[in-house]
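Just so it is clear, A, B, C and D label the chains in written order, and each chain counts residues from 1 on its own.
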Amino acid sequence: MGKGRLEAFSDGVIAIIITIMVLELKVPHETSLESLLPLLPVFLSYVLSFVYVGIYWNNHHHMLHACGQVSGAVLWANLHLLFWLSLMPFATGWMGENHFALMPSALYGVVLLMAAIAYWILQQTIIASAGPGSLLQSAIGSDWKGKLSPVLYVIGIVSSFWVPWMAQAVYVSVALLWLVPDRRIENALRRDRV
Amino acid sequence: MGKGRLEAFSDGVIAIIITIMVLELKVPHETSLESLLPLLPVFLSYVLSFVYVGIYWNNHHHMLHACGQVSGAVLWANLHLLFWLSLMPFATGWMGENHFALMPSALYGVVLLMAAIAYWILQQTIIASAGPGSLLQSAIGSDWKGKLSPVLYVIGIVSSFWVPWMAQAVYVSVALLWLVPDRRIENALRRDRV
Amino acid sequence: MGKGRLEAFSDGVIAIIITIMVLELKVPHETSLESLLPLLPVFLSYVLSFVYVGIYWNNHHHMLHACGQVSGAVLWANLHLLFWLSLMPFATGWMGENHFALMPSALYGVVLLMAAIAYWILQQTIIASAGPGSLLQSAIGSDWKGKLSPVLYVIGIVSSFWVPWMAQAVYVSVALLWLVPDRRIENALRRDRV
Amino acid sequence: MGKGRLEAFSDGVIAIIITIMVLELKVPHETSLESLLPLLPVFLSYVLSFVYVGIYWNNHHHMLHACGQVSGAVLWANLHLLFWLSLMPFATGWMGENHFALMPSALYGVVLLMAAIAYWILQQTIIASAGPGSLLQSAIGSDWKGKLSPVLYVIGIVSSFWVPWMAQAVYVSVALLWLVPDRRIENALRRDRV
């Protein structure tokens, strides 16, 4: 079974998720510059979520590139990932409209955590279906980002109950971790280990 | 006529259906964990519908894989299926917001039933246009799931007037029936028959 | 320049148009069967528009199939068609929510008329860019449906000011005209002419 | 890495942006022709934004056509462009609902300006990743439109604080600049220079 349609369907769902998040930016009824101010936290949440969904699309793109065949298990692991990503607009809207309050910030972290776990499951399913010595297995290497991110999300969720702004700082840091070009960091780490 | 564009269009429509259902999860104005509680039935309905639309996409993917040529009749049978699937967000929202009340639960079953019938019509149209001994004909085999599901939906619809929670139980069971990997069950059934 | 991306973009836009129309079906707050009754005209408008957008997708699919190369003029003629189709959700919602009142019914006809004209312009642009004796030119033949439809839309628009239900009857008739398989009618007409 | 999926994802996002803008056209509750009048500025804003997004899709289509390979930097430069385009529905809605008031008109210009800068960054990233003497480099030529547009947007933004209608005039002019077929103007300019 070809992977073309799996890519097309995932692209469609991710494109819709990334775009409907902007609908949370409700058009204000006034025309002053000040009327945009209350929208600032919603806008910042939108930027953060846009970057996160962009990272997922980017990584999904690479992962499927290294995927040979698509089994039924891969199809469902992929839908499972799309399910958690589809909750991003809700989590983003709740966090943005409530100015990064405690519980919405924690929920945002939970959605990020579940998406990361779903991504990991999809990765393992593809590797398992490809058999030992697969292309993806060697491509991801030690996968230290994939292993570190869920730990950081949990720290973010827990810390949101003590230091509210800590959660945001953690979520932004994880996004930057993925945004910074891979190779330079990995090379640096490799050198550290030698 | 190629089937590529039929797949692309169906993917687009199904991707939008599966994603706009999440818009029924309205962002609460409060920030307490309790404010999420009234959303629980909406969330559960969303999960159920996400799984159903996922099953349809999955099966649609397989069915078109075994389809050679696309006639005008196939195009319209496909649009007919997409029409019933497009009513899923409405049926899901009505059922979720009313905590699985009688009439919304029955309507949800009606939409599932109509989608199942539309799927069956599409399947027959593809088989008819391919002629006897088609690939799809042999691929679906006895099609016991396709024949059993509409019967179960009718049982769900009818039972919702007597035992409200029965309808949900039936809808969840049918979804599980399709989720469980095919071959093991079919092999088991085959062995039973021998 | 390839036509693949033109098809993909058009598929995306048409898929979204056909799906967001269902958002006009607002979930009622009550759970009785009667609470669905006021939605009936909205539902009927949705069915009609779904069929119309389906016809456009179908014909667009065929037309581009017979199109060799895509020029800048074709790209813009295509966007022009998509523009008028994008007004379908608005026209459908206004007509459905006002129980097929005079002015909304007339506007619905105007949108159908403009889409038909845009489709004709796109067709001529493709034929012009392909040069004389093109595949599309011979494929559309006398194009009696394409020529008759705008005339009928005008009749529908005008009649809506005198006999309100006439407009709907005309719009439904034109949709049926396109839905009925082509060849049988065309053969019948050919025989009539002989 | 192939560019097919980058095109498909961009098509999806642009198709959704161009279509959800129409949701700002809220269906009026009355049925008179006059009830459509307050929607006129919203409609005009929609037309302008539809043309702008169409121009971006068109140019994006051409640019990627001349792009050989897709690097990680290209993926992110592309997402950056899509981010600014995704703010078009918000800027369009604010400007249309407030009858082209000062601040919304300025913001609309800012979004256009940022999208133009993002487009320029994407172009440079593709040229840089292709190396000297790339196809895209020679295809865009002097790129006088790409250089003139941001300057005009800034004039539009600034002028909106003195002469409100000037901003609209500038935005419409830039759109026309891109709509008018390229070659004739470029040939004229070339002749002027000789």
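Everything below uses one rule, namely that a residue touches a chain if its C-beta (ideal position, glycine included) is under 8 Å from a C-beta of that chain, and two chains touch if they have at least 3 such contacts.
A quick note: this is a predicted structure, and the numbers were derived from the prediction, not measured.
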{"item": "Proportion of interface numbers common to chain A and chain D (over half same, under half different)", "value": "different"}
{"item": "Remotest chain, chain B as reference, centres from CA atoms", "value": "D"}
{"item": "Inter-chain centre distance, chain A versus chain C - centres from mean C-alpha coordinates, in Å", "value": "39"}
{"item": "Centre distance in Å when chain B and chain C are each reduced to the mean of their C-alpha atoms", "value": "28"}
{"item": "Sequence positions of chain A contacting 2 or more other chains", "value": "8, 12, 15-16, 20"}
{"item": "Complex interface listing, chain C residues touching chain D", "value": "1, 5, 8-9, 12-13, 15-17, 20, 24, 72-73, 75-76, 79, 82-83, 86-87, 89-90, 93-94, 97-98, 101-104, 107"}
{"item": "Residue ranges of chain D touching chain C (in the complex, touch as defined)", "value": "7-8, 11-12, 14-16, 18-20, 22-23, 25, 27-29, 31-33, 36, 47, 50, 54, 57-58, 61-62, 65, 179, 181-182"}
